[in-house]
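Scrolling down, you'll hit the structures one after another.
Heads up, the next two complexes both have subunit A, just with different partners, subunit B and then subunit C.
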Partner chain A sequence: MKFIRLTALLLVGAASLPANAALKVLATTPDWGALTQELGGDKVNVYVATTALQDVHRVEAKPSLVARARSADLVVATGAELEVGWLPVLIQESGNANIQKGARGYFEAASALRLLEVPSQVDRAMGDIHPDGNPHVQLDPHNILAVAHALTTRLAQLDPGQAAYYAARAKDFDTRWDAATKTWEAKAAPLRGAQVVIMHRDQVYLCHWLGLVEVASIEPKPGVPPTAAYLGTLVGKLTTTPPKLILLNAYNDPKAASWLSERIHTPAVTLPFSVGGSPEAKDLFGLFDDTINKLLAAFK
Partner chain B sequence: MRDFKSVAALIALATMPAMAPAADDAAALRAELQALKNDYNSRVDALEARIKQLETANAAAADAAMAMAAAPPPPPEPAPSGAPAGGASAFNPAISLILGGSFTGTSRDPADWHIAGFPPAGDEIGPGERSFNLGESELTFSASIDPYFSGVLTAAITGENEIEVEEAYFRTTALHNGLTIKGGRFFSGFGYLNEVHAHAWDFVDQPLAYQAMFGGQYKQNGVQVKWLAPTDLFLEFGAEAGNGDGYPATRLEKNGFNGVTLFTHLGGDIGDYTSWRVGGSWLTQRAEGREGGIPDADGFPLFDQFTGDSDTWVVDGVLKWAPSPRRQLKVQGEYLHRRESGEIADSLGTVLADNYRNTSSGWYLQSVYQFAPRWRVGARYDSLESDAPSYTFAPPDLLDASPDRVSLMLDWNPSEFSRLRAQYDWDNARDDGETDRIWRLQYIYGIGAHGAHKY
Partner chain C sequence: MNELTTDFSILLPALIAGCLVAISHVPLGQQVLSRGIVFIDLAIAQVAALGVIIANRFELPIEGWGAQAAAAAAALAGALLLTWTERKRPEVQEALIGILFVLASTAQILLLANDPHGGENLKDLLAGQILWVSNAQLIRAAVLTAVFALVWFTWREHIGRIGFYVLFAFVVTSSVQLVGVYLVFTTLIVPAVATYRHAPGRQLLYGYLLAIGSYVVGLGVSLVTDLPSSPVIVWAMGVLGLIVHLTGRNGAVARAPH
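== the complex of A and B ==
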């Protein structure tokens, strides 16, 4: 029976999508997963490839992900080389023409955004830099909105029968997100101009949005762990004019940050970074609520 | 207008350093900064213009999609967020280069290394020569060919100044329903390690089983068809046919193909941190006048040529546990079993027996643990077993051979692109009761495009 069903599936072909089936979406990060869920409601079936406790740079092209890529109607990725170490393998191995690069079923959030830190020259001696710009875009709510608009268009193109449904959900999300963004910005106003130490270059968009001023980074170069000597210079540099906060992410090793925190008497605050990075960050709204709350709590 | 702006920016960038007074470092730096700023500003302008354009296009596309629900227009091509690539070179393939080399010390002469009970399987096996050795420099080119195919070439430039085509294949990208077809020269998809490129191995060399039974790795010159089942559990089936050019097969003097391989893999996750894959494979190959025979107790070959069938089956398994981005445990093992039957001949081609039979097998189990962000330690146990060959007039004193080996490994990975490794082996491959102690230091560096690794 199963064999017959498999054969039938093979013959029918994925090109002719049944009219009432939910779109199968493979999202590379919990944030794009949550956004797709917001916009797609019950018309999408979302599988998220990573958790907030993983470093998205270094994820394995696991068999389970290849299997999900095989049946996906849409891949929602960040792009800008964030997933370069594993996503190409999933797409290659998937045997799924719908999600190949350039196909309609392949969506990159970065294509809807203006990336920060586009290097004018690249060399690996500079560490893990991304030639297309900094890909850690999700911690600026304006970016989320821009991606939401582009993603809604894409969902409507993939599933034209539900275009009105997606448009309505997008409009609703738009209103709620806009209001929430205003609240976050008002709440976070006291943070503007505060000096912070960041971990990796992945809090750049958050700093840019809230007007936080990065005075140092715990990684001497992107992706390069700090040496004792480098941390020593940081202490020397920051003792006289201590910053307000040290920011790190749920997936980071907290050792270096807490070491520095003790030396320069500056609180280190662990931010969820992605949906699921803290118990409060259940969805995108929770992610930003919790990020702002944690920042404010540590700032006092 | 946009083009004019970027040209202006380019000219500004090109002339700026020339105008900066070289004598004064601070002034030079300021000038450079200014140039950067100018460049950045013009780029932001260009990007803003592009975003506006895109937004209009997107809005139009969305409207259109919602208006006529039937056939939406194709999505507008996303604007690249990096610098615009120019002209013909924009289509250049991704290029990556692996540099490798080692320093080897052995307690016994590597020149007379051979695996007891197994016929010689080519010249790419064994501990290699003593002292400094330049490894293979692997050069890989890859790109989409058109909307239907992609292509890959991996050439190995050896320390002996030869260029070998390691892999050169096309692969389909436009098939649906989990189908992928690959053609050309490629590492056969059986087992686990056969498809893994040397720079991604967890030890300096392949397990003895792969060395003795496939001369290291089996390359298929032919076609592979793979089908991935539409299930949440990973389930793939593959079939290959080639020309048989590679141990234990040979090319045949007839039309048709040689070296049919069938394989299947099953894999999935256990919780958030653990993933696994298991597989089973079967290879049926034929050899005609394959040179080299099983050595007797004194190391002399019992025969010089083999003509007959060689059937191999392989089971493989791998488990990875990654509780944090900085720690990972990987356990893998494979069992290979081969049966050969046919006729054997001497160096002149005179048939010695036509009822030759031999059964051999090998397995390994290895584990690698990343205990700190940059450090990994590993251990491997290797074992081989070859029954005494049976045929009319076989010498009566032939014994079963059971070589084995223990290896320990430690590597340091300053970044994703560099690896320095030390490995120590207790090698009992020769089976004369004397252990060869082998130690090796190895470097592996990758430059160029960021490669994506298979599971």
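== the complex of A and C ==
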């Protein structure tokens, strides 16, 4: 837990040093907080609403969160209904005109992306389905880059005096990220085509990026706990054709995954999922380094 | 200075919500404790949530007044059921309340077995967080509290058993949405337990002072430490309640002679 706190403190602390000119940013997840920090440097003061070990669907109300919503110049959210349980209420109750939906101070990462799994029709019987598509977008580095470009434009619009500064930082980030992405893709090449069991629909972008093949998910429908019959079928099916890995996230309860892991003799690997989700995932680069390393270590 | 003023204005609606909840819950809690039905608020809150989910199953609108009406109707039905059981089986009333709680909670799980997303949204309707309180909610709560105070302090002798359960159902359904179930339980039970050994004439006053004082202290500590407000208030009331309880023994002994 400590490193999570530390990461959050570092993010907030590093950003609270600059003078009053800094843009006040409210980021909904550690990933968008880290990205805004990469792009905004000392011209932004970033507050992150959730930690990597928290389900971002739900948030406890802390005084500092309400205070930041009132004073924020910019909200950086995922969108696609990921934060629908708390962000609309927070923004509405803040009375802060700058960050209302549609205003320049409201940014959704999803607006810069083409989401996977957009349902052709939304039926409540399908489970925890987001009608705009799967919002757990951060585990594909190409998504991070697309969001970075859109976010840089938005920062420059909000703070035109520093537009050149943001552009320079974005260019630098672009170069480093591109190089890192190539390294990750080269390292992860042996994983392509590997069959994996996932927990929930939130590793979909990672699988899509690395070419992992999802053969089953532990939750029969997103957000629905497995029934006895479902688990029986799952074990039967996976014993005959065992997958290479079971993937779960730092914030998931490991019980279901370790239960399955024991029965089908397949390693379960816990991935950081978000910045701060493991001691190594200190920033966005660390998040992907650690994710790839953990996958490779378990794959052997 | 400016930052500090902003922070106080954040806490003001929460403090008003806390005071409104305290006005009704401190006297209700004394009744609940003396009747030995401590977990009734948890049961009523679950029944109210179940009502909203059932209404949703029948495709009734769940936004705003629709949800409120469904919650209130279910809570009312639960209250009438408990009135009846208290008359028929008074010796096991508390156990029956416990059973109602688990039945209402698990019925929600079964109804929502294939619908977790909608389920989460619906449950959020009935789980308030004290810092999110809106002005519209405060106005509704103020009206309800005024009605409660009028009925309770004028006609309490005449409302009888049914009146008590009905009043309780309406008050708790509203307050759970305002401040959440932990604070409702705490505000109901802790002041009652803390003051029951004090002189009868002072119990209500001490209960009010304890409850409102705990909201002030808890919100203040939450602001300084930046911890989630509701659990901090619960702990403030727990600690202050213990102190009030311990002073009660002496007070009762000192006052015993006359």
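Some points to look at:
FYI, the second predicted complex is superposed on the first by the 275 of 300 C-alpha atoms of A that agree within 3 Å, B and C clash if a C-alpha of one lies under 4 Å from a C-alpha of the other, contacts with A are read in each partner's own complex, and residues count from 1 in each chain.
Heads up, the rule we're going with is that a contact is a pair of C-beta atoms (placed from the backbone, for glycine too) under 8 Å apart; a residue touches a chain by one contact, two chains touch by 3 or more.
All figures in this text were calculated on a predicted structure; none of them were measured in a lab.
Superposition note: with subunit A as the common reference, subunit B and subunit C are in steric clash. Once chain A of one complex is fitted onto chain A of the other, the partner contacts of A:Ser71 extend to both subunit B and subunit C.
Here subunit B and subunit C are compared by how many residues of subunit A each touches, and B touches more.
Looking at the shared chain after the overlay, A:His149 reaches subunit B, while subunit C stays out of its contact range.
When the two structures are aligned on the shared chain, A:Gly102 is found in touch with subunit B, with no touch to subunit C.
When the two complexes are overlaid on their common chain A, residue A:Gly85 makes contact with subunit B and with subunit C alike. Touch criterion not met for A:Ala229: it reaches neither subunit B nor subunit C. When both complexes are overlaid on chain A, the residue A:Leu53 reaches subunit B alone and has no touch with subunit C. When the shared chain is aligned, subunit B comes close enough to touch A:Leu113, but subunit C does not. Once both structures are placed on chain A, subunit A residues 58, 60-64, 66-67, 70-71, 84-86, 89, 92-93, 124, 127-128, 223-224 are touched by subunit B and, in the other complex, by subunit C. On subunit C, the positions that touch subunit A within their shared complex are 6-7, 10-11, 113-118, 120-121, 124, 129-132, 134, 222-223, 226-230. For subunit A in complex with subunit C, the touching residues are 57-58, 60-67, 70-71, 84-86, 89-90, 92-93, 124-125, 127-129, 221-224. On subunit B, the positions that touch subunit A within their shared complex are 13, 36, 39-40, 43-44, 47-48, 51, 54, 58, 61-62, 65-66, 69-72, 74-75, 77-83, 144, 147, 150, 171, 173-180, 226-235, 265-269, 272, 275-277, 320, 322, 324-326, 373-374, 415-417, 447, 450-455.
Looking at the complex, you find that subunit A touches subunit B at residues 6, 9-10, 13-15, 51, 53-55, 58, 60-64, 66-68, 70-71, 79-81, 84-89, 92-98, 100-102, 104, 108, 110-115, 118, 120, 124, 127-128, 131-133, 149-150, 152-154, 156-157, 160-161, 163-164, 167, 223-225, 251, 253.
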